[in-house]
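One chain, subunit A, links the two complexes that follow: it is found with subunit B in the first and with subunit C in the second.
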Partner chain A sequence: MRSASATTNRLNSISKLSNLSFHLILGFLSILCLLPMLLILSVSLTDERALNLNGFQFWPETFSLESYRYIFAYGYSVANAYAVSIFVTLAGTALCVLLSAMYAYSISRNSFGARRAFTFIAVFTLLYNGGLISFYIVCTRLFDLHNQIYALILPYAVNAFNIIVFRTYFLTNIHESVIEAAKMDGASEYRIFFNIVLRMSLPVVATVGLLSSITYWNDWMLAMLFIDDPGLYPLQYLLMRIENSVTAIQSVAGSAGASYAQAELDKLPVESARMAMVIVAIGPIALAYPFFQRFFIQGLNLGAVKG
Partner chain B sequence: MVNKSRGTYSFVAALLALALVLSACGNGNDNAAGTAGSASTPAGSTQPASSDGSVQELEPYEINWYYVDGPAPDLDLVLAEVNKYLTDKINATLKITRIDWGDVETKFPLVMASGEKIDLTFTSNWANDFRPNVAKKAFLELNDLLEQYGQDIKKVLPQSFIDGATINGKLYALATNKEIAEQPAYLINNAFVEKYGFELSAIKSYKDIEPMLKTMKENEPDSFGLSIGGLTTTMVPLSFDRILEGVPGSVDKNGDTTKIINEFETAEMQDYFATMRNWYQTGYIRKDAATVANPAEDAKTGKWFARTVSYTPYAELNFNRDWNLSLSAVPIQQPMITTGSTNGAMLAIPRSSENPERVMMFLNLLYTDSKLYNMLAYGIEGTHYVKTDDNTVELAPGVDPSNRKYASSTWEYGNMFLQHLFKGDPTDKWAKYEAFNQSAVPAPTLGFSFDPQPVMNEITAVRNAWNQYIPALAVGSIDTDKYVQEAIDKMKRAGSDTIIAEMQKQYDAWLASK
Partner chain C sequence: MLFFKRLKRDVPFVVLLSPALVLMTVFSYLPMFAGIVAFKDFNYLDGFFGSPWAGWDNFKYLFQMDAYYITRNTVLYNVAFIFLGLVVSVALAIMLHELISKRFAKLYQSVLFFPALISWVIVSYIVYAFLSIDKGIVNNALTGWFGVEAVEWYSETVYWPYLIVFISIWKSAGYNAVIYLATIVSIDPEYYESAVLDGASKWKQFQYITLPMLTPVMIILTLLAIGKIFYADTGLFYQVPRNSGVLYPVTNVIDTYILNGLKGQGQIGMTAAAGLYQSFVGLVLVVVTNLIVRRRSKENALF
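== the complex of A and B ==
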């Protein structure tokens, strides 16, 4: 086995020129991605009147912290929305991973009698669903989730896609003999699942956990459908709501009466305040992401490279 | 193998059966949609001896009310007060759910379809669409209820509002008592009026501002003469009563009112486009007018002379306050009552209501009881507002306009004329509104509603063609000579003639039935 030397291994490295051009291209693309955020940051720090006169600028014409002061005094509480979002994401991810794993484990075991039926039920939901109205009726009438925090967690808790991912992993990587051996040693089914199977499936747990946490964090649809209490708004919905309201009011202005529409628009935050909200909502995440990035990549890689 | 699949099938069958049973349990109560029968005499509800009869006879009832508004942190506080008052009057309590502006398109259909018990809902021609809902029989007929419990409403609400919401002789919604007509007007920036000594009374139609625009152009290089676009592009100040948005087909108010014509082929319209093009090229109109997204932001700068707006008495004061400018409003058309202007804000009683009589009693109060109305409008006296005199209020000390804990869009319900004036409003505001309503002329199509179903495909195609040309033509940013005819032809190819023929057919039938 030849050991990799500390100096560059010439067989594997790319030429200096390619290196440079790759850096330039990717650097340029990265800057393109960053520019909108910089613009938003700059608009949020601009005085409103200067905005009206000069439009969006990369460097604020007239510096002003007014919009930040405004959003913290505004009726909506950004801090509250953060708390709701974080809680929903953590609880939701935990629940989603747990339930999907348990379901998938059951249908991956040969000795389970109703295996075919449950697999069919799960796969069926991938192909067909009842539509938005029946979803709404089931959640509010049957389960009475209106205005509860569980409405933000439960609908995404069991997802056929995640179940399939888990099941595939269990079938290919957890050999029946391991389970038999555990049984012979006297382990109960729960013990086998939690202490053996799950421990052996950390890559897929990480993957599904990542996917579901992203789903929960970014979701605003459930809040729009089920939540009327401002104390329960998650972060994305808060932002979405304001933007949607502005667009909606402008589009109905002709029919509702322009002066009424104007009065409604004036109740909403102005341009720079909305940008400030975006910064406050995304800022901490964007800043925290580099620290967590390492774990995400590790988790995704774990499943990929196998002997 | 056979055994196994048999077991599986019977298992799945059992599961389906269980699901069916559960869904029946959940929906049982509200499948009464079909069996509600005639709304005015349901068997089980109590009825008072007279319209202001003894409250003890009425059982307590919660009125579930949905309308469009932003959230208010103190809504529950205010509702508690309102409910104390309402319980004394009609032994009912209110539960208000506000659907936010951005959610209107998605949430209203869901809420209406979910079968939840809703007693009162906002409806109009732009939210929770009135006519499709009536066609689906989602709303109760109000004629008898109005006779029995809403006598006072009839005294207050002008007949045109009632006509606008009546379909085939049946009334389905009660409009807010506010301005009844629409009237295109110019909002003029007073700063320039004083500077150049413009004579505002000389402006009688849209063309009359041309000399003023010329002066503006010559002397104010970085301001715009006519600022249009965005909120105001649909305000074409001509004498056509359009049947359906985004599609040609109107009745000429000044011509033969029994014929529906393609207004783009008329000389008046062609002249309008030509004028706009002329003004655009001369520089009276800003170069990016067709794509301005939020004209209010631009309005605040004050760098403009005139903009079109739909006029209501003293509307300019609202804009004054919001934009921090001094403005005047100059109407350029007669105020006209259209089906659209009467359908802008209404309340209807959905089929799922369990006690429509109580709801009608509440509506009766909403149109006559000043204390109730103002509680809903402004909140609690002392906490949210204070009275400066009998009929005027202002914000309570310590309440900042930008973070009011309670505000309400009163134009969506009841009798707006009951609302106390806000400090700074002129004292004759409501008198002016009444005069405005009196002076309004009903449009020839008032009460006619066009059913677009037979020509839906053509409408979609024509609308696409419309959006390509008309917004730009209306601000003059593209060449009239070339594109007006092209636009008309394109819309014709998309089926505008078929649509107009269909409109004519339905219109004739409606006229014959009057």
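== the complex of A and C ==
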């Protein structure tokens, strides 16, 4: 924090005018980032008829909780999609962190003879990939990943970028002497990795874990490619499916056996329900964000500047 | 004798890395080899091994028909993203750093970073809330306050290049600003202290200290981005325009072209050729730019 005081202490800070204009600019941009959320929230809380008459507003013309009642009463699909997303994110993140760290540990150790070769094998995947079509062919023809939950987890489980992040951390923060000492005490490499190195790497585990969670939680592509069983739709893909059609919204109700008479269809909170689902989808991230925010930014500093 | 001892010692390492290696083989290396499907006349009945060879035909059709406009879109958008994104992110980082109130700086940083966390599906809903033809806020304002006609946003191609660049920067500027901010914070304060002693103004400090210290990071990140210039963020280009076919001339990039081809539109042969084309050119670009990055700063290159 010395640097901060050197540039911005009272003797060396920017002019009051500059400070004010920065506040205005940054404030305006911050509003730009928050305003869309406000709009979505407002639409989700607006009565559907008011929406049909007046369109979307930043403040509900007529307040209504109908959309939330709708998705909580009939939103079996929403709850299911939530469960799928949570499971996939937790399992995927755990797998990703563990596998990447294991690989990175091996290629970070000087005593590993084939270190260079395996480093190249990992890095090469960042340089060249076969393309979506061949990926799809391998996953569906060679292995049958269609409609399997593994299809949502495994493809992102290993990522050379994360391996490099781990390796960089191991190389700069784990002293050879610690490992030497452990070896002298007779520990195997497995022991050293799981009991010592991993315990010392909590910051980078948190970083890769967070980045990985975001990837899994926000993904829609894997579901689009491999899943057509509605019971396995993750949250983002469900949102994608209901984006365009009214009938898709009805199918959210349909799966719980509810049926609507034609007259009631007009009152179906289509637009507001869609926006309510968006709120429900962003919910965890928005709520967790203030708590994890420090880790995100710290982690970015760790991972990005170094490599 | 020594060789076998070496092998034995390496066993734990190989065991540790094998799960990841297996997954890498399945999801990265096998598809690399399966890329030869671009040279086949693939159909789902005959499958991968049964489809007849087609030589360079797929590539011929691709370049006769679609290659130009999807490549142009991909590259031009990335150029805009790289340079505008750079200017905005660096400006944000500097403003955040110079702000007198550290508490406000942290607040702004958090808020500006937030869009990076939401998915493109959600962003597409947000854009819809603004640009929906009958209900969107923008058309409401246009017809209500300004008294002009509503715009059919999802059918008019002319606005989308600007919209897409804006939305892309909206989503990632805060994220990139954090990276530049980290660099600024790591500049040795002694530079600034001696500059102040010499009577340098804030602006001069920026010119002669901050900017030169930022330049290496900016160059490296830019070069790395150029290496990926043939790749686009599928989420942005597929979700936000809601896959409106009318907008394809300005929103279709190589990645969405491939995704659409896979989903059944377009011919799978040309799509596979597009995939190989993208991977191959991408490889050349990444290798070349990484070699350049390596010359300047060895540690930041990928290899």
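The rule we apply is simple: the second predicted complex is superposed on the first by the 217 of 307 C-alpha atoms of A that agree within 3 Å, B and C clash if a C-alpha of one lies under 4 Å from a C-alpha of the other, contacts with A are read in each partner's own complex, and residues count from 1 in each chain.
Rule of thumb we're sticking to: contacts are C-beta pairs under 8 Å (C-beta built on N, C-alpha and C of every residue); 3 or more make two chains touch, one makes a residue touch a chain.
Note that the coordinates shown come from a computational prediction; the quantities given were computed from them, not determined experimentally.
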Touching partner for A:32 - first (subunit B), second (subunit C), both, neither: second
Subunit B versus subunit C as contact partner of A:19, first or second or both or neither: second
Contacts of A:68 with subunit B and subunit C, given as first, second, both or neither: neither
Partner chain(s) touched by A:117 [first = subunit B, second = subunit C, both, neither]: first
Which of subunit B and subunit C A:243 touches, first, second, both or neither: both
Partner chain in contact with A:228 - subunit B first, subunit C second, else both or neither: first
Which partner, subunit B or subunit C, touches more subunit A residues: C
First, second, both or neither for A:132, with subunit B first and subunit C second: both
Contacts of A:49 with subunit B and subunit C, given as first, second, both or neither: first
First (subunit B), second (subunit C), both or neither touched by A:87: neither
Set of subunit A residues, in rising order, touched by both subunit B and subunit C: 51-52, 113-114, 120-121, 132-133, 136-138, 141-142, 224-225, 240, 243-244, 271
Touch list for subunit C against partner subunit A, complex: 6, 9-10, 12-17, 19-21, 23-24, 26-35, 37-38, 47-48, 92, 95-100, 102, 104, 107-115, 117-122, 124-126, 128-130, 132, 134-137, 139-140, 170, 174-175, 178-179, 182-190, 192-193, 196, 202, 205, 217, 234-235, 239, 242, 255, 258-259, 261-263, 268, 271-272, 274-276, 278-280, 282-283, 286-287, 299-300, 302-303
Subunit A to subunit B touching residues, read off their complex: 49, 51-53, 70, 73-76, 113-114, 116-117, 120-121, 132-133, 136-138, 140-142, 224-225, 228, 230, 240-250, 252-268, 270-271
Complex interface listing, subunit B residues touching subunit A: 4-5, 7-8, 11-12, 15, 22-23, 26-27, 30, 70-73, 97-98, 100-107, 109-110, 113-116, 124-127, 179, 230-232, 234-235, 245, 293-294, 296-298, 300-301, 309-310, 312, 315, 318-319, 322, 340, 344-345, 400, 402-403, 405, 407, 409, 411
Contact set on subunit A toward subunit C in their complex: 2-8, 11-15, 18-19, 22-23, 25-27, 29-30, 32-34, 36-37, 39-40, 43, 51-52, 54-58, 99-100, 102-103, 105-107, 109, 111-114, 118, 120-123, 125-139, 141-143, 154-155, 157-158, 160, 163-164, 188-190, 193, 214, 217-221, 224-225, 236-237, 239-240, 243-244, 271, 274-275, 278, 281-282, 285, 289-290, 293, 296-297, 300-301, 304-307
